[in-house]
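Letters are used for the chains, namely A, B and C, taken in the order the chains are written, and counting of residues starts over at 1 for each.
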């Protein structure tokens, strides 16, 4: 059972690194879709002897939304925006990857300091979740196209979700679905915002949104 | 005893219903009237609940998932005051825009539904006992209010909206991590399943919580909810969003959206304090963030020319003052709660007047808004009076609370904190006063005939200003009792 | 006595079979391209021809240029003595030998670079600069990957590591070992100057890395260099195949058989990779190496986590 769990976690962190190194928007969207699917598998993998119906339903919902719906939404936003497909980030890909390595090491260190209760889940859950969160934050601040910032936000959310799966058991399904709903709406709203920004500005480069300052 | 379980869910559901109704209405004028009328009736409903709470103690509903105690009841009262005043101002603010068609059916439906939607979301934050639901409410306010910023789709508004959406979503996501850590810290508190996120349970079991995890969680919470509350250095979205939104929306942003996020932090404060053995660890974090906000905001206010941005930075400053007060504790908590009420009311007034003046002058640049008292006497008086209160001039309401917070700091012997606090306030005082004198006196301006003001508008402005004066001079006993009860929950009893 | 014979046999089989691997790679590529391709033993013929020829040295070169092929060849041979084959002990084994292993390969590269600079040609200097830039990124990956293996097996010598690795290790640390193999595969391609990092067949000045450094060699010197390169391919391949076959948990006669098959599969795999991938632009190579570093660090962190 733990091998499945570890595989899922390795895929989770590898997809974050792939996002750090990917230079094309289309590839980024595919990677984040993969990460969404992996995130949805995590609660099922962690639950050990056969997932309960509740876990299965939530996992399936996560896969459906993060693995298929969001990527579809982002692809449409990308296509409508006619944006250039190269990211041209503020921070280079090699530097980004190096930062990712540091984040990974940092989260292992942090985890050894925190000693979180993980209820028999794999020892890797917490460091992987922390690293994914940090990488997500980094993606948001280091990428300039609005779509890729949304991708960063999704990575952050995936990290937090993995974190929650590890340390909190028995969260009521209502709350879990409510949280999922919120993320769903958040990405939806961001999609609409990108649509409007594209219409008003003819681009979706957030570094060129500089009218308001001071 | 009357069964009152229905009232808490009704307080959340009524605005939802009103939001749906406003999607069905056709004329912008009807929607604006509905927004005022609906807000007032929700205020009446929740006023009843608040009154009961202060008379008979906390109310619960839906298996303890909903709760209204003194702290949240006080916040509900502040919120409903802000929403009522802002919705009344909304009618006059949008009158011209309705007349020339800029505020058409589409805009007004968006405005009406989101207005009530965000009211419902904030109400959900306040009445939920479940920390998870509280988080959902905060996230919902972000998403709902985002489109209120661009009721009129324009490049600058979109830019502000994007920053607001992204920064607050990230912040609130971090706050969720904090909530998770808090839940994880209750591992040995023998709480199971659904109970673990209920605030009342966590409070009762506070001494069994794991302090290390709770501390880590609290840092996430302060940074996360602090982003939404506009604490420096996470405040960057705030001036943009406030300056681009229509004035009544800016008013509820400053008047209550920030307080709702601060309220979430406050809910966790007693838990952290109890778990760490009342060593003041959590409070000292609040002191740092509060002081930083006051100082940073004062630096930005000095160079500010846009009146709405000035008011936005002033909100950062005042949120900082409140956070500082809660951080200092004791008398400071009481003063901060009072500060919240008077700041919200006053900021609502100031934003609405500033917005109206902006329409009259066609700009928000203070260098071009001149002779306000002769051109638009009532609105000018409202703005200048509001600013006078906001900078903490002597007998007015905010002076009292700022003075009490300073006193609390000095009593505790934190002279450095008190000194820095005073420096920040002094800088703001001088900077804003300079702008105010210019706006009131400097010549130029081609328009001479004074603007006609509706009698109801004048009444609203005057009432608010008089309330500021009265609250500065004496606190009515019911208010005093309410403040004491709310402060008691935060461990700040006198 | 028996072990001595076995060790001698292991070494000689490596020394003899190594050029054959290049033949397999080239044949695979030829098949993919729809050609018949060179004979499998082409490299042996080339070396025999070169050994019979005389040498020409440029007047600007010094003894460094002449010594480099010999030093390089002996360095990689030393590395071979440290590397166990098919779970049998290596001829030379002591705690920490894996550091020597890494440094032997480092020495080989060092003398090649030095010799390239010694020619005084800016062309070769450019190749040397690229080689050093990439190896600066590749070396940490190799070291970290080996360190991860040390953690996984709990002993600091190559022989002991591969003796300790069984299917149980795979069951416990499977994902991490897969990462190590992937990282080492990238290193394998980089160190041996294969596509997608370098193209061994091209002589286009803008893209060459390894080939450009050895342009000035002729005769037996060039034979030494070609041979040393094929030995390097062999010894790094051994490292990967050793890890991979420990999953099968074989004993006795089957182990060497699986090992041989593994080496052939690896060669075919490299041939396939070279056929289906284009050479990366030089700017993207650091990203690939960084990716390999990520894999290695990840594997190391995971293994350290589980074994501590």
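Methods note: a residue touches a chain if its C-beta (ideal position, glycine included) is under 8 Å from a C-beta of that chain, and two chains touch if they have at least 3 such contacts.
Predicted, not measured: the structure shown is a model, and the values here were computed from it.
Among all pairs of chains, A-B has the largest number of C-beta pairs in contact. Put simply, the chain closest to the centre of the protein, by Cα centroids, is A. Farthest from chain A in terms of Cα centroid separation is C. Here the spacing of chain A and chain C, counted between their Cα centres, is 37 Å.
Chain A and chain B have Cα centroids lying 31 Å from one another. Centre-to-centre, using mean CA coordinates, chain B is 65 Å away from chain C. For chain C, the set of residues touching two or more other chains is empty.
Note for the complex: chain C touches chain A at residues 171, 174-176, 178-179, 286-287, 290-291, 293-295, 297-298, 301-302, 304-306. Listing the residues of chain A that touch chain B in their complex gives 114-117, 133, 137, 140, 146, 149, 153, 156-157, 160, 163-164, 167-168, 170-172, 175, 178-179, 181-182, 185-186, 189-190, 193, 196-197, 200-201, 206, 209, 211-212, 214. Interface residues of chain A facing chain C in the complex, by the touch rule stated above, are 3, 6-7, 9-10, 13-14, 17, 21, 93-94, 97-98, 100-101, 104-105, 108, 123-124, 127. Per the touch definition, chain B reaches chain A in the complex via residues 130, 132-133, 135-136, 139-140, 142-143, 146-147, 150, 153-156, 158-163, 165-166, 169-170, 173, 176-177, 180-181, 183-184, 187, 192-194, 196-197, 212-213, 216, 239-240, 243-244, 300, 303-304, 306, 309.
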